[in-house]
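One chain, subunit A, links the two complexes that follow: it is found with subunit B in the first and with subunit C in the second.
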Partner chain A sequence: MLDILSHLGVGFLNCFQPVNLIFLVVGIVVGLLVGVLPGLTLVMGVILVLPFTYAMDVTPAIVLLTAMYVSGTYGGAPTSILFRIPGEPIHVPLLWDGYAMAKQGQAAKALGWTICAALIGGLVSCVIMVTLSEPVAKFALTFSTPEYFAIVLFGLTSVVSLGGGSLTNALISLFFGLIIATVGVDATYGTPRFAFGSPILMDGIEFLTVMVGAYGVGEVLTRLGEGFTTVPVETVGAMKTRMPSLKEAWGIGTTFCRSSILGTIIGIVPGAGATIASFVTYGVEAQYGKRKEQMGSGIPEGIVAPQAAATASVGGALIPLLTLGIPGSGATAVILGAFLLHGIQPGPQIFITSTGMVYTVFASMFLGIILMSIVGYIAIKPLVKILDFPESVVSTFIMLLCFIGAFSIRNSISDLWLMVAFGVVGYIFEKIKFPIAPMVLGTILGPLAESSFMTTMISFQNDWTIFFRRPISGIIMALTIIALFLPLLRKFREIRHDKQVT
Partner chain B sequence: MAMEKIKRIFPYAVVLLISVYFYVLAGRFGFGAKAGNLGPDFWPKLLLGLTMAVCLYEIAKIMLFHRGKALENDAGKEKTETPKRYTGLLIIGTLMTIAYVYFVSILGFILCTFLYLLLFMIVGRYRKVWVIAANSVLGTVLFVVIFMKAVYVSLPLGQGMFQQFSLLVLKMLGIR
Partner chain C sequence: MEKKLNHYNRISALFFLGVGIFFSFYGRTVEIGDWSEPGPGFMPFWSGIVLAVMAVFLLLGSFKRREWQAMPPFFPLADSWKRVVMAFLAMVAYLLLFKIIGFTLMTFVFIAFLLKTIFPQNWKRTLITACATAILARLLFINFLETQLPLGFFGF
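Showing the complex of A and B:
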């Protein structure tokens, strides 16, 4: 523990180096802006900033991206509360109590609760992240391919089962992503697969190209199809933030604790990000909270639960990324991409080979959350004013960043074609209600899933029961099965409930 | 009713057909694996098989258990919630994006980006001409400076006279 604290101390000192500090501030501000703009999602924002990091050192690059990730979980909250415009899907639960509170003339208080929740949720998750990461990494050193396959499978299953909506559509999307990941020369036998003789396909399809296309281009096309209808912002004259008193905050301490811890745990589950954390904790609060009957009528618990969980999920999502090399969400997948582009493979070894960098990132998270709260408190007016910016202009520049982002991955025009193709796929998916997240996660985790599965099969003479017979992988496989059957159980309960009602 | 069912089945049928095609392709991979070992076709075939199974399940569900009443409800819901569509703009925007990718290696990043920014904002129903012009020029210059001078991305210069034009602009911006 003392080791961890001393590394963290050095991390804080590194954070105060001008380069790291500048990029931390830039990341926080850009993340807040990204969170505010409805056409620009958090993952999209992180993707679009990625090309800017190519010429940077790895530490400021990761500091920039994680700062954006953290502040993006808060950025859309003010517009949700004040104008009923959620900048991100994360902030949809804030509409229920936050907007209701604003309508009762308590907008300033609602904004104060949001900042407070983001601050506490974020800091709690940072403490958990710092405490758990190194022990988990040490434990992960004992993992073999069956354990890795079980973890990846668990992550893939979670995104399908926790995502809500149609299970079959989510599964198709996931399988599509996994198939995309098989394109190119196979790592075990050197056999070209689905390459159609194209040199660029022989090298495989980069997951960043898929992400830029599906999230970036697909989203812009969707909004273009809606005519870029920007909602005009009403007067921002009387906009203020009023922080809750210590007594008030203490009064709902259980909500703070429960949501922060739950948000961190959900963040740790590969595939479940801030949006799921925000919805799940709101649901938990509505079911088990002290004032569960009043949820939705404009009470602080309805604001604190989703916001604390959303920000807490960031710290959680960084744990599997750094300790296992498995991204827990779309944004961490981009951060993984940034690591790889700088020649660093996240995983258990990173705590031995790049200790300084890892703890600088950890320290930057603490500072970033505090800074985000300060900026959110002071700059509420200009932040909300961003909504007045014409959407067509913003979207045009998003497209341009998508072009540059996709091109600069391999300096190839072919990647631009692939990006456009995945943009169209993203648009079609949106239209036919197929979720994009499972496809993207499948593309990211596909190579790891296949290589760990194939290596296990070769090492254990095609004995698939090995996944269930080894203690760790066995437990994770059991969790995977539970996660897969969870939606069916939920459906069964709904049917039973409906029958009881009728 | 039948039309509605076909509409719902259509995406799954398309995915099913594509999966069958790729499954056949996977069966033609050439490789030399040891006897008893899984080959490089196993993983894609497994995924494609699962995709086909899910599609068949969904098609069967729609065909056998889909109720008219639920359909009417869904349709009614969509009618009240669907915002105004701008299909023409969407098609033009998509074609422009495809054209950008096609022409960027011929016209070069600078010229192609300038034209794309200009036209995409107009297609996006923005009508302040001077703002569009200023954004297009400044945006192009800014991105060229950032990515070619600071981040060292080798953006396409174009061919022939367009390359000469790109080089001239780069010289004016003090790049290279």
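Showing the complex of A and C:
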């Protein structure tokens, strides 16, 4: 524990180096802006900033991206509460109690509760992240390929089962992503697959190209087709923030604790990001909270639960990324891409080879959350003013940044063609209600799944039962099977319930 | 025109069925191996098979479902399809000419085209925004961040 604290101390000192501090501040401000603008999602924002990080050192690059990720979970909260415009799906639960409080003339108080929740949720998750990461990494050093395969498989399954919509659609999206990931030279045998003689396909399809296309171009095309139908912003006269008193905050301490811890845990699960954390914790509060009957009528618990969980999920999502090299959400997948582009493979070894960098990122998270709360408190008016900026102009910039971002990955025009193709795929998926996240996760985790499966089969004399016979991989495989059958069980219960009713 | 979810599901099921069959057949051209000794074609082959099976489930479900959920139209506004197709064509043109004409000039034309025709703005705003964006993007990405963006035959 003392080791961790001393590393963290050094991390804080590194954070105050001018270059790291500048990018921390920039990340916080840009993340808040991304959160406010309705046409720009958090993942898309992080993707668009990626090309700016190519020329940087790895530490400021990761500090910038994580700062954006953290503040993006708060950015859309003020507009949800004040104007009923959630900048992000994360902030939809804030419409129910936050907007209701604002309508009752308590907008300043609602904003204060949001900042307080983001601050506490974020700091709790940072403490959990710092405490757990190194022990998890040490434990992960004992993992072999069967454990890695089991973890990756669990990640792929959970994104399908947590998706919420149709299981069939989610599985189709996932397997489509897995197929995309098989394009190129196979890592185990060196055999070209689906390259059709094209050199760029021989190198495989980069998951960042898929992400830039599906999330960036696809979203712009969708908003373009809808004609940018953002609700005009009303003017709010006294746009102020009033923080809750210590006594008031203590009164709902259980909500703070429960949501922060739950948010962190949800963040750890691959595929379940801030949006799921915010919806799930709101549901838990509505089911088990002290004032569950009043949820939705404009009470602080309805604001604190989703906001604390959303910000807390960031710390959670960074744990599997840094300790195992497995991204827990779309934004961490981009951060993984940034690591790889700088020649660093996240995983347990990173705590030995790049301790300074890892703890600087940890310290920057603490500072970033405090800074985000300060900026959110004092700059509420200019932040909300951003909504006046024409969305159509923002969309042109997004398109340009998508082109530059996709090109810069491998300096190849072919990647741009692929990006446009995945933009069209993203647009069609959005229209026919197919989830994009499983496809993207399939392209990210597919190569990991395949290589760990192949290596295991070669190392363990082609005995596939090894995945079930080793204790850790066996437990994770069992969890995977449960995760896969959970939605089916849910559906079966629903059908039985419907039959009983009729 | 309003469409039902099942209508979309049927089309997408047929598409993914085709993709699944194609990839599993093409996967056979590389060695698949078996469960005890998987080859390089193993993963694409089985992914294709599962994709095809799921597509069949989706297709069958689209016929069976009694309550057909209404869906918003594919192109919600009268001119939606025009805007989307024009944006797509603008991207294709940008890609075709990007290497020949160069990043800066092509970015100016691309942004100006989008701002004038697809995201309608007045001429003054269009030209100022396009010009400022092209110059700033050039300075930032080529001069400052040293990204290898093509300069074209004009050299900028």
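Heads up, the rule we're going with is that the second predicted complex is superposed on the first by the 489 of 502 C-alpha atoms of A that agree within 3 Å, B and C clash if a C-alpha of one lies under 4 Å from a C-alpha of the other, contacts with A are read in each partner's own complex, and residues count from 1 in each chain.
The rule is simple: a residue touches a chain if its C-beta (ideal position, glycine included) is under 8 Å from a C-beta of that chain, and two chains touch if they have at least 3 such contacts.
Note that the structure is a prediction, hence the values are computed from the model and not measured.
**Q** Quick check on the superposition: with subunit A as the shared anchor, is it clash or fit for subunit B versus subunit C?
**A** With subunit A aligned, subunit B runs into subunit C, so clash.
**Q** Figure out whether A:Trp464 sits in contact with subunit B (first) or subunit C (second), or with both, or with neither.
**A** In the superposition, A:Trp464 contacts subunit C only.
**Q** Per the contact definition in the header, classify A:Val127: touching subunit B only (first), subunit C only (second), both, or neither.
**A** neither
**Q** May I ask you to decide whether A:Leu178 touches subunit B, subunit C, both, or neither, giving the answer as first, second, both or neither?
**A** Both: A:Leu178 reaches subunit B and subunit C.
**Q** Now for A:Ala195: first (subunit B), second (subunit C), both, or neither, which partner does it touch?
**A** neither
**Q** Which of the two partners, first being subunit B and second being subunit C, lies in contact with A:Leu21: first, second, both, or neither?
**A** Touch status of A:Leu21: no partner.
**Q** May I ask you to decide whether A:Val393 touches subunit B, subunit C, both, or neither, giving the answer as first, second, both or neither?
**A** A:Val393: touches subunit B and subunit C.
**Q** Scan A:Ile475 for contacts with subunit B and subunit C and give back first, second, both or neither.
**A** Neither partner.
**Q** By the touch definition above, which subunit A residues appear in both interfaces, subunit B in one complex and subunit C in the other?
**A** 51-52, 54-55, 168, 171-172, 175-176, 178-179, 182, 186, 188-189, 191, 193-194, 217, 220-221, 224-228, 390, 392-393, 395-397, 399-400, 403-404, 407-408, 411, 413, 416-417, 420, 423-424, 432, 434, 450, 453-454, 457, 462
**Q** Looking at the complex, which residues from subunit B come into contact with subunit A?
**A** 11-12, 15, 22, 25-26, 29-33, 36-44, 47-48, 50-51, 54-55, 57-58, 83-87, 89-90, 93-94, 97-98, 100-101, 104-105, 113, 116-117, 120-121, 123-126, 131, 135, 139, 143, 146-147, 150-156
**Q** Per the contact definition, I'd like the list of subunit C residues that touch subunit A in the complex.
**A** 5, 8-9, 11-12, 16, 19-20, 23, 26-27, 30-31, 35-41, 43-44, 47-48, 50-51, 54-55, 57-58, 61, 71, 74-77, 80-81, 83-84, 87-88, 91-92, 94-95, 98-99, 107, 110-111, 114-115, 118-121, 129, 133, 137, 141, 144-150
**Q** Would you mind writing out the residues of subunit A in touch with subunit B in their complex?
**A** Those residues of subunit A that touch subunit B are 51-52, 54-55, 168, 171-172, 175-176, 178-179, 182, 186, 188-189, 191-194, 217, 220-221, 224-229, 390-393, 395-397, 399-400, 403-404, 407-408, 411, 413, 416-417, 420, 423-424, 432, 434, 450, 453-454, 457-458, 461-462.
**Q** Where on subunit A is subunit C touching in the complex?
**A** Of all residues in subunit A, those touching subunit C are 51-52, 54-55, 168-169, 171-172, 175-176, 178-179, 182, 186, 188-189, 191, 193-194, 217, 220-221, 224-228, 390, 392-393, 395-397, 399-400, 403-404, 407-408, 411, 413, 416-417, 420, 423-424, 427, 431-434, 446, 449-450, 453-454, 457, 462-464.
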